[in-house]
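Paired with subunit B in one complex and with subunit C in the other, subunit A is shared by the two complexes that follow.
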Partner chain A sequence: MSKRYADAFFFTGYYGLIALAILFALIPIVIAVVLSFDNRTFIGPFPPTDWSFRWYEEFLTSDYYHQGLKTSLIVSSTATLFSTVIGALTAIAIDRGRFWGRGVLQSLFISPLVIPTVVIGFGVLMFASRLGIVDGLPRLIMGHIIITFPYVVRTTLAALIGLRPSYFEAALSLGATPYQALWHITIPLARTGIIAGAIFAFVMSFDEVAVSLFLSDPFTYTLPVALLAQMRANLNLTIAAVSVIFIIVTIVLIWALDRIAGLDKIVGQGVYGRIR
Partner chain B sequence: MAFARTSAGSRSGTRASRVNGVLLLPALVLFLPLLIGPLAVLLDESLKPYEAGRIGGTEGAELTFENYTELADPAYVHYFLDTFRIGLIVTLAAILLGYPIAHFIVRKASPWLAKLLIASLIGMLFLSLIVRIYAISMAYGPLGPFNDVSWLFGIDPRSPAKTELMVIFGLLHTVLPLVAITLISTIQNINPRLEDAALSLGAPRWKAFTSITLIMSLPGILSAGIIGYAFCISNLVVPLILGKGFVLFVSNLIYFRFSEISNFPSGAAISILMMLISLTIFYGLMRLVRDKNGEARE
Partner chain C sequence: MTTVLDLQSIEKSFGAVRAVDGVSFDVARGEIVALLGPSGCGKTTTLRLIAGFEQPDGGRIVMNGVDVALREPYERNVGLVFQDYALFPHMTVAQNIAFGMKHRGTPRAEIPKKTAEVLERVHLSGVEKRWPSQLSGGQQQRVALARALVTEPDLMLLDEPLSNLDAKLRHHLRIELREILSKTGSTTIIVTHDQEEAMGLADRIVLMNAGRIEQIDTPERLYAEPKTRFSADFIGQSNWFEGTVRGDGADGTAQVDTPAGPVSIPLVNGFAAGDRIAVCVRPERITLTGPDLESTAPGQTRVAGTVDAVEMLGSDIRVWLKTANGAQIQSSTKYLGGPRPKVGTKAAACFNAADCILLEAEGKRE
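And now, the complex of A and B:
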């Protein structure tokens, strides 16, 4: 009998914690979505009494946000392009290679995930200024390449781990040059990992604030930096509208990620590292 | 025949390693100006004396450790302690909330529900930090409908402790999916039959769970915790907005050194120190977990 009570107690706790986690995750998002349709010009008590699309209009017509969005898109896509191409090649070399210092190199290429982004932002800023680079755009791209690079390395490595090197060697013994084998065999086989890495890189870059705070200049700022400045100035509901747009984009990206790579595969292979 | 094969093999081996070198070259060229250079400049700057009113350290002056020694001051130590303490609270909460979800996804949910939950976790991870912070301040902030939630933790919503709770909520919202996703692969690697065996031998469910699945996932829990902790202690924006000046992390200190008072040498010194702490925690603890895990297996 006491066994049954103990189990009932245990399962109440188990499902209670799950419910708590789901509520904790969802409540703020639901509130933000509801508030984005608030017609009041001040932040009043919840729920709103009057509804409108005014905050969406304000976001869509604001030059300030447009400028930020444009910079964000340029910075994120350029950074993603660099880190995807170079990151994929790096992961292939690390996976193939049995050379001295391989572990050290791997740690080095993953390290931007562990080094605080503030430190990277500050460092790139000071380095760029010593080189005489004072424009926001090249600085932002520099910072964003380094912070997105590890994601591509990780996902590509994860895709390559299940792959047998014999495919590559078979191509070599059939007379292909290593570069042909790489281009026609290894890269297509690692494709899902590389694409998943590119999506991760783009999302993380587009969302990045800390590095961009250091590297922006008064005329070149990313969208999150623009939103942050607005949030510090006054809590205005345009950000709620932006939030809803971001949430929709996120859902589309998750769907794409699932179609391209398979969500369970990404999770199972552990994008953030796991113990083997 | 055997000889011929070896020689062909070794030839393709050297060719392949040359290719490896070529493949690694772009990354090394990239890391020089984007990581190594910046860190070297920070280290150099951190050793320069600071002169008020001047942007950047004094050129040509004698190198000094002053920027590091002044960090031993209790006023600075306070920032570090706050960062580490709040990071620990958030990490523990993330494990407590994230473990049951991960377990549920792996062991109990139907494939359809599991996929929905995994998609939600990745969505939660992908959600813009700005959106998150904004949403949390609207929900739990002074004007939010859930302002009074803080009473559950024994905190008066008007007290400064409330801002600390907001910072904890803000960080937890990101760390929770991170920890849960990491734990999924851990639990996937534990054989469910072990628990079944304990049950069929008469163990109560809670005991079978805690003494088998939970114990076996300890290394995974630790590594998920380390990843979450590394994220927490390096965060800038959550304390910047939700902390409202009451709760400041080391990252905020670095940012203020840069943005408010332009004391670059001191900011650089704090950066170097913070980076060393993060790297030590991450690689040091990870290695420890891995070694212990290896011993346990043998």
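And now, the complex of A and C:
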């Protein structure tokens, strides 16, 4: 019997720990969401006593935030577009190519990113000024492509590694050139990875602060940079409202990601099903 | 007979490994040739060289009179059925079959008709709209076959076509495959490690070992007249008696002194008294008798021993006899009812000189 008690004790502790960890991660988010509906003009004791949508109104009517949101959307979508194309092609090259340093590149892209974003931000700033690019927008897009395209490479590579090489060879034996085989067979079969990478890239770019701080100019700044600046200038709860909007956008994108990945499980059974 | 494919001293190395080491053989139009051998013998590399996925280090690959060794796969008219079938999972059966026709320039209007025709030929009509994942293993195999056949390739290559199927289905599909291939008149190379598959499907077998060809022959001759010890051991089961030829023979036979006792062999040219030779006897050529009978017919060999193991296989019964010197002799007979021989009983193995396959003791004849 004592063995059973020990086991029960262990599992109670185990699940308790997990519950604590989840709570620890969720509480700040809950606080931000609740505070965004606070009617007080100062940050008072929690929970708020008075409710309103005033911070949302403030966000929606503020030109400063508008400008930031607009820049963010332009930068993130442009960067995502470039990252997806460059990243997917890079992944295919690494997976299919036979060249010196291929193994190093593969492990480099598969492993978590190692260069601090601050370093990337500073580097791009210097590089852009050397190239004579002083406008905020192209600079921001450059920086965001650099930080997001490894995500596309990684997810695409993961999808490609799972593909049997015989698909590509079957296409060749049926008369397709390598380019046609890539376009009709390899890329469609890796689409889950490519789309997941694109969504990842967008979320990462939309959320990015450090690189954007370096590359913004007084008139071109992303939403997170605007938030940071507002927080330093006059701390008010608009930040909480914007945070909620951020959370909603992220949840929608993650949901889309799941739908796409989940959808593929139904359509793409042939990849995993039956044979072996 | 026109030669469709002529391989001339093909060589291919991967690093220090000589995967294919001077392989030459040809395939005539309409012929089915099996490339048979254990894993790592170079048969798959040979297939990949013919398909164009690899390029040879030396030698010529002549197809219909033209050396194609350096051509890309899409520049050769070769149909390939992969071991894992490689049906494109994001395309329906019809789209899979149409893929080759589109890239080989079949007019778009003819594609649906040809698709239906080829599916009928592989006995799989009406599955055009299905996804590969909705088909059974045997059906997938037939779609892969149809996809390769529909472009009317000069040469069909099948890589271990039946190895992914279960035993019952494999036998059934082997017969069907043979029928489909001969009906289409396809010139075919089948790569397999399964001797039964090679024997059952091929007109000729190219037996490979360690990157080289051991023997090229019809299935019957490969079994009845193996040229090397490897051939004899790879195809079917064999008992080996090694010894020295003794000159004296009676009625056209000679004697070989082996550790198991004297063995009668036919007197054929090529062996002289004093030569070391290896005698191979197939298990089904060995009959078991009681221990007391004396050898009656001239040219018959009797080796006495005790029953060591018995294996009941249903239609056949296999008995291992242990001789006085510890060697094992395997015999295989049709099971005709009654109890199986008891382990430990005395018995004798009998075979005729005519049933002996003679090889040089080191392996090769000649």
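Structure notes:
Here is the rule we go by: the second predicted complex is superposed on the first by the 244 of 276 C-alpha atoms of A that agree within 3 Å, B and C clash if a C-alpha of one lies under 4 Å from a C-alpha of the other, contacts with A are read in each partner's own complex, and residues count from 1 in each chain.
Here, a residue touches a chain if its C-beta (ideal position, glycine included) is under 8 Å from a C-beta of that chain, and two chains touch if they have at least 3 such contacts.
The structure displayed is predicted, hence computed values, not measured ones.
With both structures placed on the common chain, the touch criterion links A:56 to neither subunit B nor subunit C. Once the two complexes are overlaid on the shared chain, A:185 sits against subunit C while remaining clear of subunit B. Contacts of A:25 after superposition on the shared chain: subunit B is touched, whereas subunit C is not. More residues of subunit A are touched by B (comparison of subunit B with subunit C). When the shared chain is aligned, subunit C comes close enough to touch A:171, but subunit B does not. Subunit A residues in contact with subunit B (one complex) as well as with subunit C (other complex) are 169, 172-173, 267-271, 273-275.
By the touch criterion given at the top, residues 3, 6-7, 9-11, 14-15, 17-18, 20-22, 24-25, 27-29, 31-32, 35, 43-47, 82, 85-87, 89-90, 92-94, 96-97, 99, 105, 107-109, 111-112, 114-120, 122-127, 130-131, 142-143, 145-146, 149, 169, 172-173, 178-179, 182, 203, 206-207, 209-210, 213-214, 224, 227-228, 231-232, 235, 239-240, 242-243, 246-247, 250-251, 253-254, 257-258, 263-264, 266-275 of subunit A touch subunit B in their complex. Per the touch definition, subunit A reaches subunit C in the complex via residues 164, 166-167, 169-177, 180, 184-185, 188-189, 267-271, 273-276. Contacts from subunit B toward subunit A in the complex involve residues 8, 12, 15-21, 23-24, 26-27, 30-31, 33-35, 37-39, 41-42, 45, 96-98, 100-101, 103-104, 114-115, 118-124, 126-140, 143-146, 169, 172-173, 176-178, 180-182, 184-186, 188, 204-207, 209, 219-220, 223, 227, 230, 233-237, 241, 251, 254-255, 258-259, 264, 267-268, 271-272, 274-275, 278-279, 282-283, 286, 289-290, 293. Contact residues on subunit C toward subunit A in their complex (touch as defined above): 51-53, 72-74, 78-80, 82-90, 99-100, 103-104, 131-133, 135-137, 140, 147-148, 151, 164.
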